[in-house]
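Just passing along the structure, written as structure tokens.
The chains carry the letters A, B and C, assigned in the order they are written, with residues numbered from 1 in each.
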Amino acid sequence: MATELGPTPVKEPASGGTPIHHGPKGVGEDNAIASQGKWASWLLAPTIVALAIVIVYPIISAIVMSFQKDAGLDPVTGLFTEGGPAGFSNYTNWLFQQCAAPGGGTVACPPGTLGSQFWSATGTTFYFTIVTVTLETILGFWMAIIMARTFRGRSLVRAAVLVPWAIPTAVTAQLWLFIFAFEGIGNKLFNTTILWTGSEIPARWAVIIADTWKTTPFMALLILAGLQMIPAEVYEAAKVDGASAWQRFRMITLPLVKPALMVAILFRTLDALRMFDLPYILTEGSNNTTTLSILVVNQIRQGFNSAAALSTITFIIIFMVAFIFVRFLGANVVEQQTGAGKGKK
Amino acid sequence: MTAATELRAEQDRGRKAAQNREKWASVRTYVSAAVILFWCLAPAYWMVVTAFRDVGYTYDTSLLPTHITLDNFRTAFDTSFGNRFGQALLNSVFIGVTVTVISLVLGVFAAYALARLNFRFKYFVLGFILGASMFPGVALITPLFQLFTNIGWIGTYQALIIPNISFVLPLTVYTMTSFFREMPWELEEAARVDGCTQGQAFRRVIMPLAAPAIFTTAILAFISSWNEFLIASQLSNDATQPVTVAIANFAGAQPQQIPYTAIMAAGTIVTIPLVILVLVFQRKIVAGLTAGAVK
Amino acid sequence: MKTPKFLLPIATAGVLALTLSACGGGGGGGTTAGGDAEQGLDSRGPITYVQGKDNSNVVRPLIEKWNAAHPDEKVTFKEQTDQADQQHDDLVQNFQAKNANYDVVSVDVVWTAEFAAKGWLQPLKDKMALDTSAMLKPTVESASYKGTLYAAPQNSDGGILYYRKDLVPTAPKTWDEMMSMCSIAKENNIGCFAGQYAKYEGLTVNTSEAINSAGGSVLNAEGKPSLNTPEAKAGLETLTKAYADGSIPKEAITFQEEQGRQAFQNGKLLFHRNWPYVYNLAKTEGSSKVKDVLGMTALVGADGPGASTLGGHSAGMSVYSKNKATALDFLKFLTSEETQKFYATQGSLAPVLGALYDDKELVAKLPYLPVLKTSIENAVPRPVTPFYPAVTKAIQENAYAAIKGEKTVEAALSDMQASIESASAGQ
């Protein structure tokens, strides 16, 4: 019974937007595209200019610097001198974990140099990203579903969910450091003697717990907004029809929330891949909690050009992840539109 | 038994089961709500308890408030040692509101174009916008600092506002686009048939429907600008610094002493009004916009 | 063909970005020596003094006093955050941008060499010379690079060994003596000794102290690493052995200053290495359990007092300053006896002038001064090298692994050695 009626309401809103593009006003597809293109350029220009000044310019300037060597020390004067052009050596040094050798040339980076940490930092970054984004998605979805229900005290829950996120990260990190201290409230409460920041697994989970706590509200709010866009009638229809909660979730909620959910996951992933403050303050990157961004900051203090190369590598890694997301996991916010409008003609 | 009675019995069973289910669902809702409350508030509770604790008992681990004092809040607002926490709060609000408003307007423009208009290079534009969220933020500071020094912007509000706008724009554009795509745009067409211009149709019909989405995006934008620290720590000065920087400026009475209690007090001060504000706005804005839609 | 108009903004943005990158770039350090260090030597006028958070409100009154006496050469105070890393990064950004508004800056002792080698600090010689004869020698060394003074020592800091007077009959003089007292700790069911062993700057401090106290050194006189020595090995081994046998409690690898102080104040440690600030807090804080039984002595070494790592700050003059004559007068003002005394009484900041440590009035106020004097006189500056950020990471990474027992002492030291060599090999 339920399965028959389940999918029907789904169709309507999902395909709601598409007919317009084949609408009656379209005189010729080409003309329409041209005039819409003009509109689009005006609407998009402010965004693109803002991004160009503050993001693209620094990126380009960092990329330019990444092909310069870092300053070297003049042994006679004891002063630093410009390094000169580096070609791709800053990049290859990171990728192959090569460091400068005392007599010239390069050697495999000894443990204790930043260069020796590139691949482990990459691994750590992905570990954090996968675990935190997964946890945050599940928890966020759950919170959003609860918040979307009508019950006494709903405002209280909605307010409470905002709290972790509204606390500035600088405070959050100190708060968790304080909680995870050996003689802190965490160990006291659970009567444990865990050295939270003293070995790999607890240290990583301290970061994961703190990050999940802090950013789940982000997920929850975005998913909640998605849920709120689903007309209540759709649920009523399914309920009257006797669809089980799981069926309603799978057949109605999930597909309708998917666009919002995908955007939330995509941006959380991009942010998590650049995670910096929490692990930096909690552990200073000890016990395999050094992320790529922490490595960048440490390297900036030792030489900006090489740090610029590392930033560019990070950028490329994140770009590939985003590409996979958009291409294969359906995180494309305009896919159906464009697909219907021109691709599938 | 006739087919009719059979059906009725079936429906009866169905209804009872449904009632039972509903009762259980409501119990489950409350249990879930309680768990969520605990998870979100327990660490924050510790922040508040610490905020009210005498600095000499910073590391006390009694669960209930002990050695209660308001000194930490006084310390936070004390301006005699050059703390400007009050000023910083105003700065943060000013920066946050400006960033939110501008990025929402730009975001709605861009999202409308991306969701509703057909044009070439759409994927390129989308990629460009998303690409802005891919470079490690920590590496943007040095070039930005040089740029802003060259044009004399260090210590100005725009040096904090413009980068923040750029940081939240990709998210704003993407969320709005994904929501706009789900809008029932036939309604807009219908309104135009009724004599509205495209702009009117958008404002009167689409905006109210998009209210939850816009409101959510506004919160996201505001809080992300509210939380921003890295850029602000290098590009602000005493007069323009936001709260995040002001909190980092808190210092213990002794070198090396970390003023946990004052930091927690500051955290409490900035969090609670923000949450209340969001709640009030949520009621007002959502109610207002929905009312508009009904008319 | 219609050119899609929306490409226009992108094209504009691209051109803009390229133009800007052409004029903005080149921030990665490196310097052209000369020029800047010669200009403005005789100029006077308003200047800015830059320092991290003024914890105990000593800088403002001092500047008011200066401004009252020098109405035409007023000093403006620019306060940075309380966090050393951020202070460092802020200075670097402003030096790179050749900001003339950062006239006199407070530099942590470990940044002096880096900033000097980058050509950002005015050498204090010839016309700009500063009299350092009354200052404690290690503080002057830590403000010098390649034999030239680059900053005026402003305040100092050294490690102190705190202990429980009620449990320890006589203060230990050597490391072995202290270790032999660990049985007392065991009887009382508390930890024996702890410093700061979390992986952060404090671990460099504690590791260099261990190595220096055993007669070794991280860098030799030429600034090359010298960790392949029996002394260095003996030094690091004091820590690894004590951690392995439990004399240093397990939780100490999560200790920064504050966690260690907390443990000591809660009565959970017999001996504790920390900075002078602990004295005031352990004596006065309501929660302190050691108020009446707080003992202190110099750090312990192999056969006598240990070699503390030197902390503190110096005041450097930016080469980009426009009013260097005023800046030099201000440096002299900061190092004057009167100012130094004010630092000590008002801010509990250890003076750099040796004579003040015997000043009766000061000692009455800061009872730890005599101990601290021993500590600072025997102190060794942390490695003075322009590659300090890399050196400290190399020490932390490997010492941490060695203390936790994940690496042998030999391997840790030879990796430290190799890492430092590689970092200073440059291009």
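The definition used in the following text is that a residue touches a chain if its C-beta (ideal position, glycine included) is under 8 Å from a C-beta of that chain, and two chains touch if they have at least 3 such contacts.
Everything numeric in this text was worked out from a predicted model, so none of it was measured.
Q: Looking across all chain pairs, point out the one with the most C-beta pairs in contact.
A: A-B
Q: Going by the average position of its CA atoms, which chain sits the greatest distance from subunit A?
A: So the farthest one, by centre of C-alpha atoms, is C.
Q: Taking the mean of the CA coordinates per chain, how far is subunit A from subunit B in Å?
A: About 16 Å separates the centre of subunit A from that of subunit B.
Q: When the centre of a chain is set as the mean of its C-alpha atoms, what distance in Å lies between subunit A and subunit C?
A: Their C-alpha centroids are separated by 36 Å.
Q: Express in whole angstrom the distance between the two chain centres, defined as the mean CA positions of subunit B and subunit C.
A: 39
Q: Could you list the positions in subunit A whose residues touch two or more of the other chains?
A: Residue numbers touching two or more other chains: 37, 40-41, 44, 48, 51, 53, 56-57, 61, 181, 183, 300, 304, 308.
Q: Which subunit C residues reach two or more other chains?
A: Subunit C, residues with two or more chain partners: 4, 6-7, 10, 20-21, 24-25, 27, 89, 262, 266.
Q: Which subunit B residues reach two or more other chains?
A: 59, 119-120, 125, 128, 142-143, 146-147, 248, 258
Q: What part of subunit C is in contact with subunit A in the complex they form?
A: Going by the criterion above, the answer is residues 2, 4-10, 12-14, 16-18, 20-21, 24-31, 33, 85, 88-89, 92, 116-119, 145-146, 198-200, 250-251, 253-254, 259, 262-263, 266, 268, 386-387, 389-390, 393-395, 397-398, 400-401, 404, 415-416, 418-419, 421-427.
Q: Can you check the complex and tell me which residues of subunit A touch subunit B?
A: 13-14, 16-17, 19-21, 23, 32-33, 36-37, 39-41, 43-44, 46-48, 50-51, 53-59, 61-62, 142-143, 146, 149, 151, 153-172, 174-176, 178-179, 181, 183-185, 188-189, 213, 217-218, 221-222, 224-226, 228-229, 239, 242, 245, 256, 259-260, 262-263, 266-267, 270-271, 274, 276-277, 292-293, 296-297, 300, 304, 307-308, 310-311, 314-315, 318-319, 322, 326, 333-334, 336-338, 341-342
Q: Can you list the subunit B residues touching subunit C in their complex?
A: Against subunit C, the touching part of subunit B is residues 54-60, 67, 80-82, 119-121, 125, 128, 141-143, 145-147, 149-150, 233-234, 237-238, 245, 248-258.
Q: Using the touch definition up top, name the residues of subunit A that touch subunit C in the complex.
A: 34, 37-38, 40-42, 44-45, 48-49, 51-53, 56-57, 60-61, 64-65, 68-73, 77-84, 99-104, 107, 109-115, 181-183, 193, 195-199, 283-287, 298, 300-305, 308
Q: In their shared complex, at which residues does subunit B touch subunit A?
A: 14, 18, 21, 25-26, 29-30, 32-33, 36-37, 39-41, 43-44, 46-47, 50, 59, 61, 63, 106-107, 109-110, 112-120, 122-123, 125-126, 128-140, 142-144, 146-147, 162-163, 165-166, 169-171, 173-175, 177-179, 181-186, 189, 209, 212-213, 215-217, 219-220, 223, 226-227, 229-230, 243-244, 247-248, 258, 260, 263-264, 266-267, 270-271, 274-276, 278-279, 282
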